[in-house]
Structure formats: C-alpha cells, structure tokens
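Note that the chains take the letters A, B, C and D in the order they are written out, and that residue 1 is the start of every chain.
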Amino acid sequence: MALNKTLRPGLIQLRVLDLDQTLNFYKNILGLNEVCRTEDGRVCLKAYDEFDHHSVTLRLAEEPGFDYAAFKVDSEETLEKMAEAVEAFGYQTDVVPANTNQPGFGKRIGFTISTGHRLEIYADVELAPQIPETRNPNIWTEEPRGMRAQRLDHFLLYGPNIAEAERFCKEVLGMFVPEVCNTPDGKRLAAWVTSSNKPHDLAFVEYDKPGKMHHVGFLLQDWNDVGHAADIMAINHLKQDIGPTRHAITRGQTIYFWEPSGNRIEVYAGGYTAYPDNPQRVWDSEQLGRGLFYYEGEMIPSFLQIIT
Amino acid sequence: MALNKTLRPGLIQLRVLDLDQTLNFYKNILGLNEVCRTEDGRVCLKAYDEFDHHSVTLRLAEEPGFDYAAFKVDSEETLEKMAEAVEAFGYQTDVVPANTNQPGFGKRIGFTISTGHRLEIYADVELAPQIPETRNPNIWTEEPRGMRAQRLDHFLLYGPNIAEAERFCKEVLGMFVPEVCNTPDGKRLAAWVTSSNKPHDLAFVEYDKPGKMHHVGFLLQDWNDVGHAADIMAINHLKQDIGPTRHAITRGQTIYFWEPSGNRIEVYAGGYTAYPDNPQRVWDSEQLGRGLFYYEGEMIPSFLQIIT
Amino acid sequence: MALNKTLRPGLIQLRVLDLDQTLNFYKNILGLNEVCRTEDGRVCLKAYDEFDHHSVTLRLAEEPGFDYAAFKVDSEETLEKMAEAVEAFGYQTDVVPANTNQPGFGKRIGFTISTGHRLEIYADVELAPQIPETRNPNIWTEEPRGMRAQRLDHFLLYGPNIAEAERFCKEVLGMFVPEVCNTPDGKRLAAWVTSSNKPHDLAFVEYDKPGKMHHVGFLLQDWNDVGHAADIMAINHLKQDIGPTRHAITRGQTIYFWEPSGNRIEVYAGGYTAYPDNPQRVWDSEQLGRGLFYYEGEMIPSFLQIIT
Amino acid sequence: MALNKTLRPGLIQLRVLDLDQTLNFYKNILGLNEVCRTEDGRVCLKAYDEFDHHSVTLRLAEEPGFDYAAFKVDSEETLEKMAEAVEAFGYQTDVVPANTNQPGFGKRIGFTISTGHRLEIYADVELAPQIPETRNPNIWTEEPRGMRAQRLDHFLLYGPNIAEAERFCKEVLGMFVPEVCNTPDGKRLAAWVTSSNKPHDLAFVEYDKPGKMHHVGFLLQDWNDVGHAADIMAINHLKQDIGPTRHAITRGQTIYFWEPSGNRIEVYAGGYTAYPDNPQRVWDSEQLGRGLFYYEGEMIPSFLQIIT
C-alpha cells in the first residue's frame, strides 16, 4: 500500500575544497564509509547504519556548501504523483535519469524551491555493497569508527521566503512541521520540518540570500556519544563551533564544528518522538537563542555565520 | 493531506489486582501521571511526554493482563476507510461512541484479530489537561519522576495465527514489519510490527492460547535511564524479570520486571531508526534466544512465562 | 595506624548575598541537604553521599566569595604533628575549639597560606544526623535531587606565590600535585593538588590579589549527570559560565555556572585515577586554554573572571 | 615524605590455557596492550591508562587461575618497613631480585597469607615504553580499544581464614575495609579492602580451599562503557556470567564474563568515593545476594563457581 509518503533525506551533495584532508574527516573522524568514486572525481559515502547505496557525495569546488539534497519516497507511484504536485505547486521539474551523477540511484526528479535550493525526489536506489546484517544480525558488523555517525539526519537551509518552502514540504512532500519560530509581527523566521518521527529531517531559516546552507546533521546514539564526538573533535584539532549543548527546539543533544573544507557539521542525538497530530511548538523570535542553545540561554554569535 | 496512516499505539487497558499498590507503581515508580478516574473505578494515566488525554487505563480484575489496545490514526477519513478495510479483511467491527469507557476519546472502532486480541482504532482524542509546553517550551515542565517513562512504546501479544495478524497490520493498518523470526520449516514464530520509525509499535509471538499478553513497553531516553530504572526497580523491591540487557532484535536496551499486579513491564530505550523500505531482518528460531537477549546469548526461561 | 594523612577537603564556608534565593539553589537545584543553622544565622549543608556533619556553610555578607576551607586529617596525632609542621613551615596557627562556629566539628587549627587564603585542618567531626545507609545499604536512601551533587569535590583559589602554597600542600599536608602549568620562563602559573586518588582536591592559579576564589566544585556521577545538571541549570534560568565541556587537565567532564549570589559553581565528573608515583603532567601556559577547555581548544574569556 | 603507604594492586599473574586465543581476548577485546614477552614465554600487558611497565602477566598452564598479585608501595623505605612488618605478623618473606620474572620490576618481597595466596610488595618499577601523554596531554594517545579497560582495578580471592587476611591488609599493608559481610553468628564471610579511594583494591570470601580466585576486575569509565563492554562481549561470543548489573556493595556497575581460558573477568565502573574514616558498611549474609546483585535481588548461582 503506497502511502504517498516521503521517507527521509537520503542524499546530500556537498562542495569541499580538498579531497584528501576532507575525506580523512568524513571517513576516519565522522566515521562514514567510502562507497565509490564517480568518473568526475566525486566521492560517495554512507554511514554504517544506512542501507542505501550512499547518502553523502563530496564534490571538489572552489568553495564549500550545498549542491543539492534528495528525498527518498516510498514508491514509483508516489514519485510520479509528487512530480505532478511539484509542477502544480508552481516549481519547474527536471528528470535525472537513473545512474546519472549518483551511482546506484534510480530516476530523480529535481526542482528549485523558494529558498533557492535544489531538491530532488527519488524512489529507487540500490542497496550499498555493505549493509547492516539482516540474517540473525549483530548490532553492527564492524565497530563504529570515529564519532560513530549512524545516519545522515538532517540539514538546515537558509534562504528567502521560507513560509513558501514550508508550505511546499507539507502540501507536496507530505511532511509536517513540529516547531516554528515567528517574529513579533507574526512572520516565519524558522521552521523545523520532518517526514518521520524524528523532530526534523530538514529546517529552514529566513535569509535574504538564496541557496545557503547552515549545517548538515548526522545522527549519534545518545548524549554519551555526543561527548565522545567532542573528544574526537578535540583530539583531531577540529574547530569547535558550538556545544556540547542541548537544543530546546527538537530537544536534541548536539555539537557543531567545522570540517576541514569549512562546512559546518552537527552531530546530534535524542530529540522527542514527533507525531503529526501533536500540537506545534511555537517559538517567539526573542526566545530563539534559548530555543537553539538551551544551556547558554541566548543566541551564540558564531551560529549566525553562514557557509558561503 | 490524509496519509491513511496509523500513527501509534495510543491506549492500552490493563487488568490489575490492587489499585492502591499498583497505582503507586505506575505513578511513583514508573513515573506516569494520573489523569482521571472513570465512574466504574478505572484509572487513566499518561506519561509526561504524551499529549493525548491518556494512554494507560487500569481496571481492577481477578487476574492481570490485557483488555485491549487502541491505535490512533491520522484522520476521520482514515478511520472510516480503515473500518471498511477491517471488515473487508474479514473481521467484524463494532463502534464505541465518543467518550464511552475512555474519557476524552472520540469514536473508536473495535475488532478482534486472529490472535484473539481486541484492538481498536480512533482518530480523535482530547489533549490531556497537562501537556508538554508548546510556547517557547522547556524540555519538561516537572522533572520526570521514578523511572522517567516518556511514552507508552509497544506491547507484545501472544496468540494463534500471527501470520494473519501480521498481514492484517500491514494490509489494513498500513504498518510494516522490520523483523521476523521463523521456524526451520518456515513458519512465522514472531513478528515485530511498526507504524512509525521506531522498530516496533507492537509484536506478536505464535502461541496456542488466544489473547495473551507478554509485556507492555514504555520508552526511556537512553541506556543511562535503563540503568537508573534498574536502580529504581531494586530500591523499590520490584521483582526483576530480565536485564538490563540489549535486544539484538530492534537493538533496544531494556529491562523487564513485574509490577505489583503481575503484569510484565519493559522499560526500553534505543533501537534503530526503522524505515519501510529497508530490508527485513530475519531470525532463525534457534537464534531467537540470542536475538532477544544479546548479552546472555540464549533464551532466558523466565521470558517464556505468559501473563494469565 | 596513623598515616599522617590529609583525607579530603571537608568543609568550605562561602559568602552569599541572599539566603532564601541562594538556599533554594543549594538545596533544590544543586541538591544539598540543609543540616542546621547557627545562632548567627549561617546555614550548614551537606551532599547526600557525605557522612560528616556538613561540608558547606553559607554566611550572609555584602559580597560573595571564600571565607575559608578546612581539610580533615586522619587522626588527632596527625593533627598535632601537622600543626607543628605548619608553624615550622613559617605560618602562624590559631586554634578554633571544638563546636565553635561549625556545629559538630572538633578542634580546628587555622592558618593563612601564601595566597592569602585561610585554611584549617581538623581530625574530628560528628556524623551528620542523616548519613548514607551502612547496614545492608541501598545505593541511596532518598533519590538524589536537582543536579544530584554527591560530594564537595574541590575548589580553585587565586592568589600570589602559588609555588609556596603548592610546596606547603606537599610538605606539610602530605598532598601531591598531579598537574601543573608553567609560564615560558618556567614560573608556576597553576597547580592541581590532591590528597586522594582524585586528580584534584584543590587547585591554585597565580594572581596578584590575595584570597580570591575562582569556583567550588561538586562531584557528579558521570557525563550523563553533567548533561542532566545542564538541563537543571537551564530550566532554572541559572546563568551558565562554561560547558558542558571536558578538561584535558584532570580529564574531568564539567559545567560551570553562577549561583544566585555570584559564586561560580562547577559540577564535575570523571577524571583519571591519580597516584602520587605517576609522572606529573605539565602544561605550557600557551596551551592552558586547551588544557582547561579541551573542546573549545582555547581559553574562554569568562573563565578569567574572579569572584570579588 | 613517605606515607608508609600501599598505593595499589599493580600486578597480577594469571594462568591461561592457550596463548593465541587468550591474547586475542586481552588485547583486542578487553583492550590491553602487549608490552613484552619473557624468555619463558609469558606475556606482559598493560591497560592504556597505566604508567607502570605492565600490570598483567599471562602464563601458559594446565588450568586457569591466580599465580600471585603484587602491590606497589610508595617508597623503598616503606618496602623495607613493610617487609619487617610482614615477618612480625608471622608470615615468612622471600625476596625476588629486581628484573626477575617480571621485566621492569624492581625488588619484590613475597609472602603467603592465610587464604593461601601469594602476594608481593614492591616499590620500584620502570615506566612502560608507552605511557599516557604528560606534556600538554591529550585524554588518550590512541583511542581505547575493545572494552576500553582503563586499569587493573581489583581481584576477589577465596580461601580460609579471611579474618586474618583482612587484619593483615589493615595492620601491615595499611589498607582499610569499607565493607564486610558477616554470618548470623558474627563470622566474617566476605571483606572488601582498599588502599585507595576506590571501594576495593581486593576482596576476600571465606572458602575452605586455599588459593582460589573468583575474578579479576578492570576499570571502565562509566555505565555507558559497561553497556558497550557487554556489546563487545556479545559480538565476540564470550560467555556471559552475570550482568550488566549493579553491586550494592561498592555501588559499582558491572558485568562478569569468562575469557577463553576460563578466568572470570569483571569490567567495573562507578562505586562510591571511599575514605578510611567513613563508617564501615556491614552486610548480613542473608542479604549478600542482594548486596552483590542489586537488580536481581538475590544470589546468582553461577557466581558461586570458583576458578580451579
């Protein structure tokens, strides 16, 4: 039974400045596994607890940042219906044929939302060459490495007109919005959006320049692994941004730091179980600092820095 | 947009032998809050992180066990469609009008599945008098008490013909089945079933007698809270059943014990993020002991005891 | 057999500005128990896992800060020998008779060290009215409250000539010095000093003004309780100073914040097992920031603020 | 200033049946590092957070068990005084010259106590070739491996007349006894003995056969690492004995299992801060089961099995 449902953010392509140093971070420090390289030199990686072919693609570029992200939907039927709904919403779509640019991925439908970000949806992707055990499975096959990232979790995008982007995620992608932040005059300043029982699969902050990324988040097991990730960050001389701390928003436990190419990475654990029927949590913008950084109780200036 | 989706197990009614002693357990040890009492003397409770009116109802009876459980669905439209689908599947339905037996609950549709258990579905329920904060929310309003149970999580039912029950959950309730256990001749021995990204919302074990319950599970934050729950269990002289240990099945961290009326309670944390498109994990029945009790590596005899 | 040994920092008297608000902090937020009040209105408190009469005394004053601290030694014989050794070291001693100023305490010997702080030593103190169970003991009698402080752990003192203070602690009090920090010209900038297997019972930082206190530290169980303490800090709107973070120095996990009177409090967990025969860890002053704040990797300006 | 003090259990020599399989356990599963091998084929290991040359020596033998253990004392002067005190207590001593049997160790004084165990004391031992960093140290140099054992922590010995052994530890070795267990007729059944602020450095249980060992304990960081050690135990198919659970005695969090040669290993975390002046905790023998296994609430039969 097709639920016409978006399953999760399944892929993000990031720009990086230096493959060797940055790959060392993603593989040995964050703990992802390299799956393959493309003919044009991009590198595809996945976390140990993911099944699909890969979830992160790194592309060598002049500056760091977000190329695009893609959401997996639950069936070809849903993909076709959603593609129509995207057009009906007013966004032009393009089709990326199977195995184009992203090895192992089936057909993807791409479009650009109001915030200036390219998003894609797809229904088919091959399993990765090495997946978690499925016959009398152990809890892991090879002990998680480095920060022990379990999954690609979410990303935070900055751009104009997030009210429209939020409406698009609800109406077209079938997501819901567990938390929002409004300015005193009632305008949307930020929105946390999910297609699952996690408190966010992606989030938006209103910003005048389009297509910006704030951070990519990876899932850790719990607060203990957040502390361990901080140890790993410190011993590897990664530059800390913020944390360990807790978000009141999503209730997650977290640390932000900079990978060698200048992308901001969050490792994140916890958070409440989100359901679409629960009341939406609403933040007043003058409380946003405390909402983001519950221990600090106020906005942390470095959080305002956006990746070029 | 209705997803025709089951949201979660939202209510369970349990039989208990002694209200005073048992309520002390549910309120002060497990950490639930009493919401109200019914005219016929039943007690309605909820966990601190739940929004709906109540999730656990206790009924005084001659023996402990399971009366029924109810699943919340995402809309009235879904409720109506599912009610038809239940009938089409071959199970007779009855209608429990709003505010009947369960204060605050809207109309419920009831039916009995192959395992002999009464299940219900509903779309409407009032919010509880005291819910988690939603305007600039703190992580909790009153510090979680006792074992710090966050939510009703799942239950394990024993009865005949679980293959049919599993098929019913998939075809009618729109759930999926992240893990199963089969006998050497390929028959289903156990199934873990979910409507969410949790590894199970309910589970079945094949058993010749109908309508039996093995345990009810409540969600804790993490392994640390499992240890804390064990401290609370010990200091209150509750009878331990099994754990602290880890399930390889669901990967959750857990402890089982007996509440004063003889219902088996599990407090549970962790577990992988479940998605319907991930490969199903399959256990061979001779590995079930290790699958359930990863640290012990084998079946623990007390687990085989079923609540009358 | 007398070991001529200092056992631990057993008492600290702090100045506070407002008894009601500050007591609410020490009792309900930090989690200490009030033991008694003195005739002159001071309040005596202890942590739940301490046996002696009290460990913290609060005195109403115009400004916050450190009055004095006292170390328990293992016998009257040691007390007498140490008193002589103090005099021989060149510090004048005075005798505070039993039950003077500190209810339940036996005779104390006081003196002022090079940094301008009054320290005392004593051998006798009554047990508190309520102590941890000792016959078939539970792990606690009443569940730890608030931040769950287990014990008074240590304090950090600022003043002149810490090299002499450090020598005094070693030669007279029989302590050892697991870690030190030196300036490029080889002068002592900071020293961590202990009489136990904890990495520090007190610490010194070189400072031109005498008698200053930087913070008082209380022991928590582990990193999880550091995170919980941060939750409690946030929900009570205490002003965070630094953390949660880790010290590379002592390896402890920690958070600093301000109690309502303006004393800086640390709650602290972990740290290595210290032995007097292990090599001393030595920090270069330009690495002190990273040594103190391993995750931030550099000095945090607010740490430089000294309590008046 | 010599404290005439025993510092810690610094060395244990164990018998093992198979070097290859057993070494794989101690190195890759428990997480010790191999330091050297002796000419007669014994293997010397240490935990990552220890400074001295080695702490565990494995000797190939027909059956598993305890050869001897050695305590480090704080000075040559203490060693000489203690050697005299051992003789004065009535135990014959022998001298093992420096670098005999245990590479890197100075002169050891050996003797046999009432329980039939050979113990040794020594004051000098070389640092290991690789020790924790001491100049601007990181929290570790190479990430802890396997179960992440930090140190040799303690051992439990079975034999006759433990009352005498306990008195010897106090009177000669300068230790203290934080907890004891007595039979209804007031005889000592068990004693937990320490020379530090840990709740035990060794323990005794009364037993009619001399020289038996129950288990060797290694220190972990916290309850989270106890859970992780259980994961590692399970994934490596080590045979679990007991746990994860908590001792009410010492309050430690723990798991017991069998290494491949049949020695019982405990990995242990937590426990209260022990001081010699605190009241002794006393257990009645009929409560010993609950004292040892707080969650189970009763003796676990497998605990009664003694290593040959």
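Here is the rule we go by: contacts are C-beta pairs under 8 Å (C-beta built on N, C-alpha and C of every residue); 3 or more make two chains touch, one makes a residue touch a chain.
Composition by chain, UniProt nomenclature: A, B, C, D = Metapyrocatechase.
Small disclaimer: the values here were computed from a predicted structure and weren't measured.
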| item | value |
| --- | --- |
| Given chain B and chain C, the chains that contact each of them | A, D |
| Relative to chain B, chain with the most remote C-alpha centre | C |
| Of C-D and B-D, whichever chain pair has more C-beta contact pairs | C-D |
| Interchain centroid distance [CA atoms averaged], chain B/chain D, Å | 44 |
| Centre distance in Å when chain A and chain D are each reduced to the mean of their C-alpha atoms | 48 |
| Euclidean distance of C-alpha centroids - chain C vs chain D, Å | 31 |
| Per-residue multi-chain contacts in chain D, two or more chains | 138-139, 223-224, 231, 234, 246, 248, 290, 294 |
| Footprint of chain D on chain C - complex, ascending | 1, 3-5, 7-8, 49, 51, 72, 74, 127, 131-139, 150-151, 170-171, 174, 196-198, 219, 221-224, 246, 248, 251, 270, 272-273, 275-284, 287, 290-291, 294 |
| Residue numbers on chain C that touch chain B, as the complex places them | 138-140, 143, 224, 231-232, 234-235 |
| Contact set on chain A toward chain C in their complex | 223-224, 227, 230-231, 233-234, 237, 239-240, 243-246, 248, 253, 255, 290, 294-297 |
